[in-house]
Amino acid sequence: MITKTIKLNETASFDTYLLNNSKEYNVDKKRPLVIVCPGGGYAFTSDREAEPIALKFNSVGMHSLVLWYTVYDQVKNVPRNALIELAQTIKYAREHAEEWFIDPDKIIVCGFSAGGHLTLQIATRWHEEWLAKEVGATSDQLKVNLAIPCYPGAVPTRFEKGDYGFAHQLIENPNTANERMYGNDNPSDEEVDEYNILLHVSENTPPMFVWHTYEDVLVDVSNSLQLGCKLREFNIPFEMHIFEKGEHGLALCDRTTARKPSHHNKHVIHWFTLCEEWLSNYID
Amino acid sequence: MITKTIKLNETASFDTYLLNNSKEYNVDKKRPLVIVCPGGGYAFTSDREAEPIALKFNSVGMHSLVLWYTVYDQVKNVPRNALIELAQTIKYAREHAEEWFIDPDKIIVCGFSAGGHLTLQIATRWHEEWLAKEVGATSDQLKVNLAIPCYPGAVPTRFEKGDYGFAHQLIENPNTANERMYGNDNPSDEEVDEYNILLHVSENTPPMFVWHTYEDVLVDVSNSLQLGCKLREFNIPFEMHIFEKGEHGLALCDRTTARKPSHHNKHVIHWFTLCEEWLSNYID
Amino acid sequence: MITKTIKLNETASFDTYLLNNSKEYNVDKKRPLVIVCPGGGYAFTSDREAEPIALKFNSVGMHSLVLWYTVYDQVKNVPRNALIELAQTIKYAREHAEEWFIDPDKIIVCGFSAGGHLTLQIATRWHEEWLAKEVGATSDQLKVNLAIPCYPGAVPTRFEKGDYGFAHQLIENPNTANERMYGNDNPSDEEVDEYNILLHVSENTPPMFVWHTYEDVLVDVSNSLQLGCKLREFNIPFEMHIFEKGEHGLALCDRTTARKPSHHNKHVIHWFTLCEEWLSNYID
Amino acid sequence: MITKTIKLNETASFDTYLLNNSKEYNVDKKRPLVIVCPGGGYAFTSDREAEPIALKFNSVGMHSLVLWYTVYDQVKNVPRNALIELAQTIKYAREHAEEWFIDPDKIIVCGFSAGGHLTLQIATRWHEEWLAKEVGATSDQLKVNLAIPCYPGAVPTRFEKGDYGFAHQLIENPNTANERMYGNDNPSDEEVDEYNILLHVSENTPPMFVWHTYEDVLVDVSNSLQLGCKLREFNIPFEMHIFEKGEHGLALCDRTTARKPSHHNKHVIHWFTLCEEWLSNYID
């Protein structure tokens, strides 16, 4: 296992969980890489959606890394900034594909909640020129091969002017929610739409595995349903599991990610097995 | 096991699969009843979506019955006629609830393809007065408590005038597809919309478990996706599983329903376990 | 579904659970038959180990039947008598193989507790001449192709003289336990050994699937362990699952067979899936 | 993840796979530790039974480490020497329990093949005085709380005099197999019996989870069956899964450990889930 922390900038880094290359079997095998994006409303990055997820993908034979993107008021336009950091991470991973025995055609992004929104941003926008330019890469270097958004935001919320939003009491002089997300407190429709995933789905969007719970009151299940309709419209293959019961933020549904009893869920827990079986169509 | 065939009319009947009432344990326990509606494009009723499904529900402790509704050109307005026959079946089951140890508050309808459309018809329209009148029942007697539409049609197709539709070569002097489905070869929008499930979802619609495959080319997955959006709109709880790979008509995905190798599917087969776990929220 | 009750004699019969022969798919397919032998200490036959088991095998595409063998003091030498009735049932099934679409090379016996002992009796002794003579068959007609003993007795108990044994208070003038099991109250070693499965394992014994719980206080797990050692000695392939937790008599571990909360067991419940997968090596 | 390599001596070391202690949830939670002992006939230590196993336990919320014990002719009495190294490892882990957030009452050993024999050695002998003395510990510090021997050797083989044994062609001037295992080429019964697990089971032996395949031709299934009988004799609770099909050395049965197609096994793969569920009785 190669565990390193790679710094992207003052406020962002990623931790690697890279499987050893055995000299005994599967020698020099190139493996898929899953980039894990924790959630936390772009205000923080939750440990519950980080290392345990990375290890779960490790346990089925894939490399992984956890991206700790910049959150909260350390920067404006947090989602856009995170998109750029995720693009940098993908570029970095592809550049180290040889060294780390990564299959460069199997770069997979998996994110939760806000991290799911981030996953959808890169999945739908990796090919855009401005992004390649921004990170000094070719679009090919930024390509997302598969995406696994979990209870993702897809359609952004416009906040009331002056609303400080989620968790603002944790810091001094917070930006308003609109400043944080869109760069100013009175964003134009265009500025909000920038983060509306439904407007970015295209033939460049990779196959996806999506899951959500109907009962989610933080990110409404309609985010995933509308995403599904849009993917269908563009003939992007996908798998989608909507479980009726279960709150927002279930992560792996077991002891590895549970902070409280309701985080254990004997039914929703199947999502990972379903995901692994779905992945098996694409990897070996 | 009580296996009887009950005739509804000259062209429709149902077969019962009723669990024995043991004198040793669970004595006189009232069990849920699942009414199974096979598919077949309203042109026939497929054995692949009949007895094996009934037995599967038996195997998890539920009564079941298979409805052989009237198909093809034995009647006009086939879907509407099938709806009435299904209502008659529910009425009959509730009337025999004592005798057959059925829990009258756990009447569940499960159908496949066209049978899924039929399931959605009764689930969204059981409370309509005309239907109660038609079968000589109160609406309470026709209530559907839960629904399990499997790769269901939800939005009806209007056919070209003169199109004989599916399997017409099997019979002499067939009706046109429009005559068969809507009662005349040039149906009005209203006549077609009559069978558009999206227009009938309401607060009377019961919780549902829906599944489909993305690759289905006979009944497009958008039928289920749009249904999901509509259920969400009306706050009807549901669970929905969309598997990427797999053709139309997979039924149970194993030897019990496979006619050919592609009917075996090691991934989609999970739908029944997922369904049983979902049901466990509602039954004991 | 063909459900019939076939009378073997005044005190024994069997109920059939035979799948319909579809005209649409798998037409005229010959299916395996599972003969289910409920337990109950040879003193009664438990409903908990009867119909639900039969239906479970139906649900994976196999015919089944439940044998209600003669129990308690309706006859002496109950286990020997049950063996003969089971042989008669197998003969009957093979004679009706054509009519019932049974594969005559896939006759499987599955029994629980005392029914597991009965299963092991026939599995190890089907080829003995006296048995064929007794039921007027050839040994080939009595062959057991696979066996599924569940928490089975294998090594018989010799009771104290005058001990009336299990449930004797339920009837008037009961036989002693030794009379019931071995034919007289002071059985010889030979008479007891007659029912010691370990002494009958031979190259004629079919492959087996065995399961038990370590905590079983009614039939000690050593019965299965010793059986396993003996099967290994004779190169008889087998699968054996010993679960640590769980009481005697768990049957299917779910609502279909539970009489009390401890009959639900989320872990031991896997036995049936494991069994079905094991069977898949032998059937299609 | 804390990944360190700790050197025990010139020829032995262990690699840690320690979960991060989150500041957000389960803060400072003490977790079980699984010590993984790869197999390889005491001649080498297989990568296939090392990191992937460690990661699998990580993925269900447990710390793990892989012990690379001294093998082949780098030392005589290889099994005895490995036992001592394993004892040193346990001592080290308990000494670092605070620092690494290990629950010192949940030290679990899991080994495969020869590593399974090693697991059984420590599980049955951790309390012996000579061992505590040898590693400068109290017996309490060496206690094994649970054991997971996988297709383990239990009863040792005495080789022919002059037999160089397994893989001897890989090195120059190899010891004979008897020298390697027992310290001299003509071992006494006592010297061989030293490694016979059946002679060491006692009331000090912890609960176990054992699995094996019937078809294993390298380590006969009777090793596990006899172990089971002995554990039962001493009232040591255990779970044991014997799968019929499958060769020796299946490890995790999936892509993470497969060197060839027959290392994939869709049935035996359940062992890990069964093991995790069994563990859940002992950990939280």
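Which chain is which? They are A, B, C and D, in the order written, and residues in each are numbered from 1.
The rule is short, and it goes like this: contacts are C-beta pairs under 8 Å (C-beta built on N, C-alpha and C of every residue); 3 or more make two chains touch, one makes a residue touch a chain.
For each chain, UniProt lists the protein as follows: A, B, C, D = Acetyl esterase/lipase.
Everything numeric in this text was worked out from a predicted model, so none of it was measured.
Chain copies chain C and chain D are related through a rotation whose angle, from the C-alpha fit, is 180° to the nearest 5.
At the chain A-chain B interface, residue numbers used by both copies make up over half of all numbers present, so the two copies contact each other through mostly the same positions. For this pair, chain A with chain B, the centres built from the Cα atoms lie 38 Å apart. Chain D has its Cα centroid 54 Å from the Cα centroid of chain B. Taken residue by residue, chain B touches two or more other chains at 266, whereas all remaining positions touch fewer. Viewed as a contact network, the protein chains form a single closed ring in which every chain touches exactly two others. Applying the touch definition to all chain combinations yields A-B, A-D, B-C, C-D.
Those residues of chain A that touch chain B in the complex are listed here as 207, 209, 214-215, 220-222, 225-226, 228-229, 232, 237-245, 266-267, 270, 274, 277-278, 281.
Across the complex, chain B is touched by residues 1-3, 15, 17, 19-20, 22-26, 46-48, 51-52, 55-56, 58-61, 254-259, 284 of chain C.
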